[in-house]
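Read the structure below first, then the notes.
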Amino acid sequence: MTELVARNPDYRQITEQVFLAAPFVQSLGIELLDLGPGWCQTRMVITERHCQHHGYVHAGAQATLADHTAGAAAGTLVAIDETILSVEFKINLLRLADCEELFCEGKVIKPGKRFSVVESSVWADALGGERLVSKAQLTMAVVASVN
Amino acid sequence: MTELVARNPDYRQITEQVFLAAPFVQSLGIELLDLGPGWCQTRMVITERHCQHHGYVHAGAQATLADHTAGAAAGTLVAIDETILSVEFKINLLRLADCEELFCEGKVIKPGKRFSVVESSVWADALGGERLVSKAQLTMAVVASVN
Amino acid sequence: MTELVARNPDYRQITEQVFLAAPFVQSLGIELLDLGPGWCQTRMVITERHCQHHGYVHAGAQATLADHTAGAAAGTLVAIDETILSVEFKINLLRLADCEELFCEGKVIKPGKRFSVVESSVWADALGGERLVSKAQLTMAVVASVN
Amino acid sequence: MTELVARNPDYRQITEQVFLAAPFVQSLGIELLDLGPGWCQTRMVITERHCQHHGYVHAGAQATLADHTAGAAAGTLVAIDETILSVEFKINLLRLADCEELFCEGKVIKPGKRFSVVESSVWADALGGERLVSKAQLTMAVVASVN
């Protein structure tokens, strides 16, 4: 794919701020690991509160990680007066997630002026590791910032 | 559609137990309102912790509500030695969710021995109201209980 | 839901024209049955060429019916200088489709200036009948017409 | 990912047969290019009949290519007495497809005893090329063969 380019030189600080300013993301302990134009990597340390009744990470917690990371990946490409909203996503839960950490990478597969399409991969234990526990395909709208 | 029938007479108690035993569901304050064979209704009182950085309910919190309610709807139809696991879902975020409560209804549109397909509707403020904020279509696996 | 209103008084003729002008839709024999603001109903008479190797209607033929009908439903709501393009869709194949006719209804569940979200139901044998064979949830972009 | 292994030594001939025996696939001119355990590559030469009313390849034709190729990829991994049925899929249309050929690659991202999850990429003009026109994520059921 052709190299993606950030239009806002301050995209790193803005993305860091989005993670800190989102209470749901903070309450789940989702951390920003690294990012660049069109991609973002995150981590979520698993505790009991992330789990469903069998003790596995709840599909909704995995979906939150996948969605937020994808939004951040799409956000690296927008202009200074634009922001990202989730339009829709689809996620497959591939394996039962019984692990201490989940890692996620979101990658923009098609940037656009109106919306960007992103893929998020969620792994147990290691970024890019053997245990891919969920995979999502997401559509993110690029909208004018309100403030 | 032909009337759906519960195979396990204790499906109400089991579903109530699933809500109480799932820490992620408890931490989001998702409450079981009502249920019957093939359907389930829930509520989530919104607080700041459910929100993303613009103050709207995070897509991941909506997805959690949609997924868990769908799983409960599918669970009303399984045999005594079976349980439900999420295979995959797709959710459209239709409106910005700035509200005090979200309500959800999950309805099985195709029950099956191996998996059931469910639709979940999420409304702001009132069950079945004017403000449908998200809609999901979900595939749930019917699997043997481990215990 | 609040009543949907057509912005282009000629939406019927335009939709009829779209069906006739789309070679893939014609080659599958998809017929426009009826439509109104925010909805469209279609039919596809099944022949051997619609089928996969077991003799059931191919998932791709069902997806084509669901997608085209959804696009037509969304198209009833656009302005005179706008048209519809498919952004994405998700479809569940619910039952094996061995039948003589498939019927489809597309309904807009959230109209929008930039995109509309639509649900398409596909039934064997009768519109709104007992045998729902597939269900789709689709995101349609509203874009400026090129001509 | 760990290497995927074919359980049926005749998977190539069986897959070739599935392409030839599926009238809808034949009518669209979908050709099997190559395959191996967990993957399949296909081609569809575009003619007017594949197109919608603006002259681009119809979303339904792209979905058919993505779905059939994914089914073939999943089929390389099943036992001699098993076959594949599509459970559901989601596809994003990324670019307008005005081209002479579409190429598709389906890759199993999670094989399973009951279902496999597959990704299909559809490119204009060249396999793995610059113009990714659609991307799909698909759930395929592994079922007992009827004959």
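We call the chains A, B, C and D, going by the order they appear; numbering starts again at 1 in every chain.
Note that in this section a residue touches a chain if its C-beta (ideal position, glycine included) is under 8 Å from a C-beta of that chain, and two chains touch if they have at least 3 such contacts.
Predicted, not measured: the structure shown is a model, and the values here were computed from it.
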Third chains touching both chain D and chain C: A, B
Most widely separated chain from chain A, with each centre as the mean of CA atoms: C
Contact-richer chain pair [A-D vs B-D]: A-D
Centroid spacing, where centroids are CA-atom means, of chain B and chain D in whole angstrom: 32
Length of the line joining the C-alpha centres of chain A and chain D, rounded to whole Å: 28
Of all residues in chain A, the ones touching two or more other chains: 87-88, 90, 92, 117, 139
Touching residues on chain A, where the partner in the complex is chain D: 1-2, 90, 92, 94-95, 109-110, 117, 119, 130, 132, 135, 137, 139
Chain C to chain A touching residues, read off their complex: 87-88, 90, 114-115, 117, 139, 141
Residue ranges of chain D touching chain C (in the complex, touch as defined): 17-18, 21-25, 27-28, 48-54, 58-61, 63-65, 67-68, 83, 85-93, 96, 146
